[in-house]
């Protein structure tokens, strides 16, 4: 496989985690400008684990996700009372604080006569686990997509259960959900933690592919892009954000006709979509229509109806 | 010791007055629309590049550069208003915010395509300094402070002494009620946006002239400084924007001096976060700003 | 029978897919008080908002003295001579009483006349003069209602639309408001009134309409029909 293509596909895969992370919060009705912070925390934590503590890749990945989830848990409490705009600005302030802390965070050990570890704004060099294990870029790409498939499967299961229904209900009308007996605090914190962990996985994968982390790449631009992916692709299904990533990185960044003009096209595209399809390409209505079409075309009429369009059961407190 | 403290506070106030100017335009848009314009800084940035174009290519004078900066900022602002606010005025407020971010990306890239070098020179405005006693005050900072004060006064007169101001306040409080007393709400919103962009243009000109150079990153910087200052002061409040800007300047000056420059921005964000948690209505959180906060909650 | 001032023909207005007005036709005669009754959710406020131009009708025509105004911007409608006293008053809470009045005259540009009209409002409502420099948000409910009426009058309307002017007010104040409505009418302002308080409304109305689920179901002159029947129906939507 072409080296460039592998690289592009790997990028799409890794950024997808960030887009899914923003998507989870979007369906619960919150716009976060700060998911890149959890991506960064996952990247640093897993990099430290494999490069400095000698852990294996998988424990490192889990550790990265756990660290990001834990940070999200801490952030969830103070931001619980912030809504709408205030949540957006609060998460932005948090993410910038995390980035600036990584700019001054120094923690290095000597390994084989060489200093390894985060070195403030100089960055974090030598996350060489993949390189040392002789895993090819192609295999690493497969690994990224295997993990992504796992996370997607998990999200699809969630969307089919009461948890997914409650998340969407909170996104639709928080007040109504609460009068229906939904424990808002519990489900909001849970969504924040899951979103944080998903971003953390992406960060861990990113750290090991790049071998080098620089705090300044985890800036707000990264976060707002991942937010835009869900809004372009649509919020009807977890495939929506992936379509958004595909359009931006796959089409615009990689197709060289747009080189130098990518943001002019991408920005205009997002603005137009917000005017004509405010809930993205694959919005809820489109998803329902597609599901119905799929059923009519491919399944026997005897099969059960319902499914994704089913209204939530009455949830307990 | 005390001299350092006073000098830092002075520096903070003077730099902060430019933040105040940025925040006034920001808060004016938020106040009348209840929507956030993230493209505010990039519109100003585009204006400053229009100014530098005249300066570099045609060696234009100060006035021409200032006029071009203002015109560029207003034109970009009007574009943002049409695409991100007017076209989706019936949509969710957050849609405008995301859309304004998309246009930010566009504006930034348009500038980097036209101006491929990172840094461009900008003509200085007042190259002098005052040294009262042990202190040091830059002339351009004094000009900045004077302009901030003058614009505050003018804006107050406009809001409370003119028909347009009456309409603006009516629309910002209750657009439906403003419509049925016969106010052309669309035109008022458009004019407020243009006015805010013009104020932003003035801020951009003064800041660029003080720095004597500009980069495309100026957009991000201006949006963030304006946003932080506005939030500290209470979103939608003009006195709040002024106080928030000064507070931000003072926080930055002191934390940069006592903790080290790498803690400058970190302290500013920490204070912002603390305000959002403990005092979301901002410095002057009272009944009035509390109400606008409640209004914003449904955003 | 006097001349028709307002004529609404087959007006339908919808919020998204939900049609709140399903073809309403009615008229208001010049110099009279016309009253619109009906249960909650019947579409009364929607009709007022549609006439005032805040909502755009899907179809139908609204004419003021023969001139079509349906679908025009609110400011054109105010200029043609229709002013609205909205439900829940909706004064501008952080503007002073006097500024609220001046905002009401926004469709006019005769500064001297506007000043005289402000003075006239203060003479009619002395309480407003006492509080002229106070923010409108600090006024009591009854005072806010008077302010909302005065604000609408500042446009010098031919037709005054009043949406639930007695809503949430103490009985004594309600008496006051209805006295004012009669006074205004006696001075020549045509009034189109939406009221929940059917007893009071029927006492002052020259003509009334009953609206249910977005349709006019009955109209008549108070006294023609048993008042109790109309009231029952206005509240409950039961058959006459």
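Chains: A, B and C, in written order; residue numbering restarts at 1 for each.
Note that in this section contacts are C-beta pairs under 8 Å (C-beta built on N, C-alpha and C of every residue); 3 or more make two chains touch, one makes a residue touch a chain.
Computed from a predicted structure; not experimentally measured.
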| item | value |
| --- | --- |
| Centre-most chain, if every chain is reduced to its averaged C-alpha atoms | B |
| Centroid comparison with chain A (C-alpha atoms), farthest chain | C |
| Centre-of-Cα separation between chain C and chain A, whole angstrom | 53 |
| Distance from the mean Cα position of chain B to that of chain A, given in whole angstrom | 31 |
| CA centroid of chain B to CA centroid of chain C, Å | 42 |
| Per-residue multi-chain contacts in chain A, two or more chains | none |
| Footprint of chain C on chain B - complex, ascending | 163, 166-167, 169-170, 173-174, 176-184, 288, 291 |
| Residues of chain B defined as touching chain A within the complex | 36, 83-84, 87-88, 91-95, 97-99, 101-110, 113, 220, 227-228, 231, 235, 262-263, 265-266, 269-270, 272-273, 276-277, 280, 296-299 |
| Of chain A, residues touching chain B in the complex | 31, 78, 81-86, 88-90, 93-94, 96-97, 100-101, 103-104, 120-121, 220, 224, 227-228, 231, 260-264, 266-271, 274-275, 278 |
| Parts of chain C lying in touch with chain B, wherever the complex brings them together | 52-54, 73-75, 78-79, 83-84, 86, 90-95, 99, 102-104, 106-107, 151-152, 155 |
